[in-house]
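Down below are the structures I want you to see.
Across the two complexes that follow, chain A remains constant while its partner is chain B and subsequently chain C.
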Partner chain A sequence: MRILVALDTNRYSQYVVNEVAKLAMNTWADVTLLGVESRKPASNGTQPPRNLPIVRKLQEFREEFLGYFKDESVSPYAIKRWGYELVDRGKGLLEEMCVCKGMKDFRVRIRFGQPTKQILTEAVEEQSDLIVVGCSKGEQCTWEQDRNAPEKIVKAAPCSVLVVKEEKKPTKIVCCLDHDSVSQESLELINQMVTLHQTDLALVGLTESEHLREEVDQKMKQILQYYTAQKIKAWVSVVDVSLLDKFIADTAEKGLIALWMGHKSLIGKFFSQDRVGKLVRSAQSSVLILR
Partner chain B sequence: MEDQKPTSILVLDDEPIVCKRLKSALEKRGYEVEIFFRSSDAFKRITERNFDIVITDLKMEGLDGMAFLTEVKKRSPATEVIVITGFATMETAKESFQKGVFDFLAKPFKLGEIQDAVERAEKKIKGNIS
Partner chain C sequence: MVNILVSVNPDLASSIAIRYAGQLAHFMEIALQPIHVKEPEQKGSLFGTGWVRHTWEHALAEKGEEEINLLIRTEKPYCPALAAPRVVVGERENEILKELQTGAYDLFMEGILASFDEGDFKKLITSKLYQSAPCPAIVVKNLVPLEKVALLSYVGLEPSKLVDDVSDILRQAKLPLDVIHLVPKKDKKDLEVNEEAHEAQGFDNLVDAIRKKGLDLQKGQVLTGHPKDIADYLSRYGLVVCAVRNALDKKSPIHTVLAFTPSPIFIC
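Let's look at the complex of A and B:
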């Protein structure tokens, strides 16, 4: 699993690092911590700009993250091998440098430019399975340089996105799923989140009308069988589309909301991108958008 | 003279979709792949022959992946084992590591990720890296 962690200097980014470290302790994922700065400051030759606040913050986050893996004998990020690799130093300069690697990749990167664009570019180039991004609680996020960055990332990301609102262990995970087109990757990501938080799983199907309720219920039970076979405690409920906003608002207080929004998603049709954006802005708990 | 025998891989996962995806992707790269959905069948097979690489899920009915990994390493220490799991925990990751697993991949993963792990394992087997 490849996790891209988009960070700024706000307090919620601290929560994000902690959440990702816990997930990485279980999954031994390849992890990239990414900060974005709007403009690259003038630099002296190939010397990197060390005095930017995001540079210092990322160094703190790196130490915080690696602090979860103090026992190097079983750490996936402890250096296990090294070798010489050609590294592009810019301005037409290639340099052969000694590169150390662990069993899993752990990188800290800074990109320059518009935050959403840079984060999405990184996710595509690195083929991330999950983007994790922080967001303030309340209507207005305070992401640096682009207040709507988490919302925009959720709308345009090529992979699943976890928007972390606060450091809180969810007591349940509520998954709004399509009944017959959920991707295997999404089911697997839910498995990992359930394992991480040791919670029960509520599977929610959507119906547009009462006469379809039984049909949706039957199809949701097929997904339930998958989880039951995996020995995950799960139950099914069917919600009318018109009540989805209220349902999510009610459940978001205690649980982690997961919405399947892949290309074939019916929820994607019911639930417009603007409504997803509103959900990300207004949710009191973390939100997982599955793709 | 260079050994032309393809690297042999056993894949064990109780989800047929995963096995079929891996078989197809790995065979395209020239590997000799056998897939198993039941650990009992895979166990029987490793008593018949050794594989260069074993890719195994952890959570399965009957003999689980950890026990299978232990058995593979006991019978054939040179076999490199790659664990894939949908229910990763700190304990299973550490235990796999301590049992000498070559790599530990949590689902979901891209095919490229497992192809990369297989390539690295193959290089190690052929003595190209320390």
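Let's look at the complex of A and C:
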């Protein structure tokens, strides 16, 4: 799994780094910490990049993240091998440099430009499986340079997105399903979230006119068996699409909502992009959009 | 021996109900008779008469039998007490009631997935089947480990009605029993759990009735809070017993508690 962690200098970003470190401990994911600065510093040396607040903050976050993996003998990010690699230094210059690597990739990157665009470009170029982005828990997200960045990322991302609300522990992970093509990766991601937060899992099947489609029923059965085998307590229930808005609003108060928004999903049809944005803005705890 | 009729369909809810019955079998001797009612797609008077109708019903029952046999084969290892299924064609409620009335069953059981719409549960327990069934019923919403049982009490409950219906089955199960007195209040933010249950109205009468029947009472509690919070609290029980048949007003908040309780519910 490749996780892209989009960070700014707000306090919630530190919480995000801690949460991702815990997730990475379980998954041994490739991790990229990404900061975005609106303008590239002048190349004449009057403002060295190292003095940018986001650069200093990312250095702190790097230490914070690696601090979770103190035992280097078992850390997937401890430097275990090195070698010479050709590195593009720009302006048509390639240079062979000595590069040190761990078992898993861990990168810290800074991009310049509009935050949402840069984060999405990074996710596409690096083929990320999951974008993790922080957000303040009130209606007004305080993401630097663009208050609506988390919402825009959720709507446009090509992969799953986890919006982590500032220091809000969910009491339940509520996973909404409405079709039968649920990927193994998404099941494992939910598995990791349940383990991480030590919460119960609720599997919610979406019904239409009080009818749960046979293939969804069968998929829920398989998923229940999967989680039971993993020793995870999963509660099952159903909700009619006509009540989906109310259900999400109720559930988002306390639980982490995981919505499957793949192209086959009815949730995408009934739960419009604007509502997704509203959910990200108003939810009191984290939101996971699965793709 | 507790004689149970379980209504089955080829779906997740039935699979959960059968596995839950398998858990019950660890605590008491049970006989589990599955019944599948194949409803004709066209409601109202059934197709044709005489030989035509008989042949048509037979074909429909055979189709239902195939679907159900697959479920029974899959679930049998989880519940060895499961008998061969009975497949009938007709209107579901009527056929199950007919079977319950002629078959000398002690308990009716069915799997129904918990719904966010509390109206679904109200509709279920006020249905003809649940109101007229000659025995109590268990609505299995989730497969929960059967470790302890909650017996629900509320203002206006007639203790003898509750205890008479459940005592035989609970005595055989020998499971630890908690009596929970419910005080649902929609405007209350946090759930209040009071261990001084004897202060609740009618609680002592219920405890006396339970002890007279020789049941293993562990503790009593009063839960005061929003019906949904009470329902969440009850999820720690493997079985929640409540007297609701012909006993509650349709608008009672106890219905809301039961609708949102994810554990299996014993209705008497």
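What we mean here is this: the second predicted complex is superposed on the first by the 264 of 291 C-alpha atoms of A that agree within 3 Å, B and C clash if a C-alpha of one lies under 4 Å from a C-alpha of the other, contacts with A are read in each partner's own complex, and residues count from 1 in each chain.
FYI, contacts are C-beta pairs under 8 Å (C-beta built on N, C-alpha and C of every residue); 3 or more make two chains touch, one makes a residue touch a chain.
What you see is a predicted model, and the numbers here were worked out from it, not measured in a lab.
Undergrad: Quick one: classify A:Leu177 as touching chain B (first), chain C (second), both or neither.
TA: neither
Undergrad: On the A-aligned overlay, A:Pro76 touches which partner chain: chain B = first, chain C = second, or both, or neither?
TA: first
Undergrad: Output check: A:Thr195 vs chain B and chain C. Expected answer is one of first, second, both, neither. What do you get?
TA: first
Undergrad: Examine A:Leu256 and indicate which partner it touches, taking first as chain B and second as chain C; both and neither are also allowed.
TA: Neither chain B nor chain C is touched by A:Leu256.
Undergrad: With the two structures laid over each other on chain A, which partner does A:Gln127 touch: chain B (first), chain C (second), both, or neither?
TA: first
Undergrad: Touch check for A:Leu288: first (chain B), second (chain C), both, or neither?
TA: A:Leu288 contacts neither chain B nor chain C.
Undergrad: So in the superposed three-chain picture, is A:Gln218 touching just chain B, just chain C, both, or none of them (first/second/both/neither)?
TA: In the superposed model, A:Gln218 contacts chain C only, not chain B.
Undergrad: Figure out whether A:Phe247 sits in contact with chain B (first) or chain C (second), or with both, or with neither.
TA: Once the two structures are laid over each other on A, A:Phe247 reaches chain C alone.
Undergrad: Which parts of chain A are in contact with chain B and also with chain C?
TA: In chain A, no position sits in both the chain B and chain C interfaces.
Undergrad: Write out the stretch or stretches of chain A touching chain C in their complex.
TA: Touch list, chain A to chain C: 204-205, 210, 212, 214, 217-218, 220-221, 224, 228, 235-240, 243, 246-247.
Undergrad: In the complex formed with chain A, which residues of chain C make contact?
TA: Against chain A, chain C makes touches at 11-12, 15-16, 113-117, 120, 141-143, 235, 262.
Undergrad: Which part of chain B faces chain A closely enough to touch in the complex?
TA: Listed in rising order, the residues of chain B that touch chain A are 15, 17-18, 59, 86-90, 93-94, 97-98, 103-110, 112-113, 129-130.
Undergrad: Contact residues on chain A for chain B in the complex?
TA: 1-2, 25-30, 74, 76, 81, 103, 127, 129, 184-186, 188-189, 191-192, 195, 230
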